[in-house]
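Both of the next two complexes hold subunit A, though its partner changes from subunit B to subunit C.
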Partner chain A sequence: MWLWNKIKQLAISFRAGVVTLRYPFEPRPAPEGFRGQPVWDHTKCIGCAGCASHCPARTIFLRDICQEVRILLYDSSRCTYCGRCADLCPEKAITMSDKFELATDNRQDITQSLELFMMTCQRCGRCYDLEIKNYIDRLSSLGYRYDSLEARKVIRRSTADFSPEELEKTVTYERPGRLEK
Partner chain B sequence: MSRGEELVRWLEKELGGNFISAEATIPGRLFIDLKREALSAAAAGLMNRGARYQVGVGYDARKSGQGFGLVHTFAFDKDSLLVALRTFAPGDDPEFDSLTPLIPGAGWSEREYQDLLGLKFRDHPNPRRLVLSDDWPEGIYPLRREVPHDLMPPAAEEVAFRLDEAPPGTSIVPFGPFHASLHEPAHFSVYVDGEDIKGCEYRGFMTHRGIEKLAQTELTYNDVPFVAERICGICGSVHSVNYAQAVEAAAGLRIPRRAEFIRMVALELERLHSHLLWLGVAGHLIGFDTVFMQAWRIREKIMWLAERLTGNRKTYGMVIIGGVRRDINQDRSEDIRAVLKEVEREMLALEKAILKDRTIHRRTRGVGYLSREEAVKWNLIGPVARARGVDIDARRDHPYAAYDEVQFEVPLADSGDVWGTLVVRVKEVYEAIKIINQCLDKLEKLPKNQPLAVDLEGPIPSGRQGLSLVEAPRGEAVHYVLTGEDNRPERWRVRAPTYPNLQAVPSMLLNNKLADFPIIVGSIDPCISCTDRVLVVERSSGKAKLLSRQELENLSRGKRSKK
Partner chain C sequence: MTIFKKLAGRAFRRSVWVYHCNSGACNGCDIEILNILTPYYDVERFGIRLVGSPRQADAILLSGAVTRPTLPLVKKAYQAVPAPKLVFAIGSCAIGGGCWYDTYNVTGGGEKAIPVHYFIPGCPPRPEAIIYGVALALGLVDKKVAPVELKQMEFPVDMYRRAKLFEVNNVIYKLLGEEEDRLEFGRK
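This part shows the complex of A and B:
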């Protein structure tokens, strides 16, 4: 009985053979849908801080360093790779990559930071993104600043019904200068 | 008349003016408010009616003028009923009757609130520190509202554990705080007479992370599942599902059917890998490394499957309040079926090869024996209880998610020793496979492309209680949530299965051989981290170690001469 059991165990072990992978000498890519290190796309991020306020590890920071520049800093050393940030980003600026070999002796290697150029909303005084590509926003990227109360004649409206022809016109549109006192 | 109504009627009659109110929030839950004078009478009454004690929850309600709250929860397993008795004591006189003389399993809960909240318990038989270390300053109670979550008092130097004297005629063998046969820090000082264990004292809570405090000061409702998942490195989903269920119960939220089945698949996958992991560790502890190697090899398939399904081997990150985050579509469900078939085949082969092996029998039969009565007395749960003939399983007795719609058996053994635990856990592997397959059948029939989570309609009102059970691989885990303001729980209490099971270890050790210490402690699959609610510590393990009598004596003499 004892011997018979040992023979069975031997058979199991032999059939299984060596299962240890040759990793790291052979690469082992992560499967599809793996939650690795999140990666930010700075062209999509609008600096809304949605990711920062929902990160369970509180490892995403947003700070305004001046009126125009907002910094997003992601410190991977505390990240739990839960993917909450990627789920909640309204602009889909975050993707969970398949990167998992993140061990390093330099924290900078795993830190990401974005500099986001923001505009100030003239009505509420808060920042909004400057680089975003909707047509109304481009209007202001062309250099127009509302310098005085009187000049605030253009009230921004929804972009929904803005046609490309009208955009053409805005490019050549001569903006009102400073009003003389 | 249902059990709940009968209890309420009896309590009203028995306690008279000391009874305040009773509320049945959802089927199977009963929340009762009492005056504190009536606490022990009510608890005794529940115990006489066949209740099983679960856990105590203390919280600081001074902000709302109620003083300190104390909740004791009881389960009626035959009637699918959970009862929570809540009492309050004024902030300047936080004294309650101790339930420990009546219910030994309440000892730790009460000591915990003595440490963390500064509550006092009249007639507690062993009112020593449990959670706080011996050098923590007197008078700072970390769970009180005014104490910040990141308070770090300076450590005192050279404070040793205050341990009991060994009983006459015995010597002390220390195991821990770090020991090759323990996977996580814990201190057992074992009293031996020669090779025989005559008693033991336990000090734990060395890796307390203060997760509960964090949840009630820093996190928000939907952050907590991801943190809860990290309470335990083995049964993460158990805690996130459990927490979400408690909040959903408090908020009156009904989650989509699809989400219920997906949660069940995640939970059962976790059970599979946990049982295989334990089988391996148990084999290793008794020096039978074939079991260790082969069980872990089979387990690896499940880990990879989980990685494909959820995006990670562990910490599945599947659960949010109101549902789940990822779907199990047709392709994935076929993937699961294929892997499970493979696992079942391999597991059968392994079982045949090892369960009759003499090594296992000799090292597990009669080891760590505890009678059924003792097991009931200590409120043992999970495979450890089922190995002692106690027929409880939260999946069947208090069905959550959609467990009432699947068929499965609850394996039992009556040998009352480590061997019984082993048999129960091996059998449960097949039951888990059965459950997952049924869940997949149901999932395939449910309409596709439905939302996987429901949204909350407005903020969750504060002051509501939720109580939830999940049968973790090691036994039932209990989560209690009291909703609060600022989008976060006012109190969230986690009771991991090891919490009651570990309290019974000294009785299990009694009169066993010292060499069996690792496997006895290992047999409850202690998750010190869950119990402490602490950092996940890596599993590394050592062999069962035989100390000769001479070595033992040297060891204990060396310790004495230092004093």
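This part shows the complex of A and C:
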């Protein structure tokens, strides 16, 4: 009788087939929308430190080693992969990749460091990015002080956009007064 | 690393029995650890078995930021494991403390309580990630991560030199006749 039961079990298991994945020997990609390790694009990063100030686990650090160079350090060890940094990055420099095979025997293997070059603002003395896509740079091209005479020739002044018609309209414009009863 | 791998290969040639040690986790990592024992991700093909006592175990799967009440218990469990032992820290809490790394009632990761040999990051890690970590310790797969260092540009010494040359050769400063003062002021 027990033998018959075993044969029946075998038949059932054959009908079911094999469901076990051959995972470590076969790749198994993450599903759509999976948030894996965040990856920084150093060509897009402007060093605004938004990710560092909003990280819930405080795992992104910023160090200003001198006036021009700022270092962004990301230590993946206590990262919760919430995707907050990628959400609020103004330049979309951070993407959440689908990389999840991060197991290691050394903590240093899951770190990323970015060396960012920052320009010094001639007005306030703080540093900002060199590229023209930067908001502060756009501001500076609209009449902010710039001490290099070579660059000043190229820079657009605010007077370049000046139109006398607009000024006239503005000067002669009258605000609607209180309605007379 | 290679010596350690060889040692691990020699010590764990047979089945690795693991003890699941929860030190104040939110149960996310614990559910994923249970997942790897299901027929879908069957880890018994590597001989990995979950046991109820640390005395029977070869490795500890530590999950959770080690909280203050569980700290002595984690230490005791580590001491109870017989000598060639491995500790896997699973999840961001066990590795570095997660969001609670500096809270008053949390030790701040398993590394501050007991020596940790392997780190499996994730919050929680996928079951595949846990299998990958254990397989890495057993020498079945290769490590896929390495530290990343990126640079926007080299330090622009040339730019400073050019600016300096421009100032020296510019006619305006010569006409104004104050170039020497300017340069000396810049030096100071």
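Here is the rule we go by: the second predicted complex is superposed on the first by the 112 of 181 C-alpha atoms of A that agree within 3 Å, B and C clash if a C-alpha of one lies under 4 Å from a C-alpha of the other, contacts with A are read in each partner's own complex, and residues count from 1 in each chain.
The rule we apply is simple: a contact is a pair of C-beta atoms (placed from the backbone, for glycine too) under 8 Å apart; a residue touches a chain by one contact, two chains touch by 3 or more.
Bear in mind the structure is a predicted one, so any value in this text is a computation, not a measurement.
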Between subunit B (first) and subunit C (second), which does A:I65 come into contact with in this model arrangement: first, second, both, or neither? neither
Who does A:H54 touch here: subunit B (first), subunit C (second), both, or neither? first
Who does A:H42 touch here: subunit B (first), subunit C (second), both, or neither? second
When both partners are placed on the shared chain, which of subunit B and subunit C touches more of subunit A: C
Counting only touches as set out at the top, which of subunit B and subunit C does A:T80 meet: first, second, both, neither? both
Between subunit B (first) and subunit C (second), which, if any, makes contact with A:Q9: first, second, both or neither? first
Would you sort A:V19 into first (subunit B), second (subunit C), both or neither based on which partner it touches? both
Intersection of the subunit A residues that touch subunit B with those that touch subunit C: 19, 30, 56, 58, 80-82
Enumerate the contact residues on subunit C facing subunit A in the complex. 1, 4, 39-42, 45, 92-93, 95-99, 101, 109, 117-123, 125-126, 128-129, 131-133, 135-137, 140-141, 143-153, 155-156, 163, 166, 170, 172
Residue ranges of subunit B in contact with subunit A within the complex: 218-219, 222-224, 226-227, 230, 290, 293-294, 297, 300, 304, 307-308, 311-312, 315, 317, 325-326, 349-350, 352-354, 356-358
Subunit A residues touching subunit C - in the complex, by the definition given at the top: 19-21, 23-25, 28, 30, 40, 42-43, 45, 56-59, 68-69, 75-82, 100-105, 107-117, 148-150
Subunit A - residues contacting subunit B, complex: 1-2, 5-6, 8-9, 11-13, 16, 19, 30-35, 54, 56, 58, 80-84, 87, 96
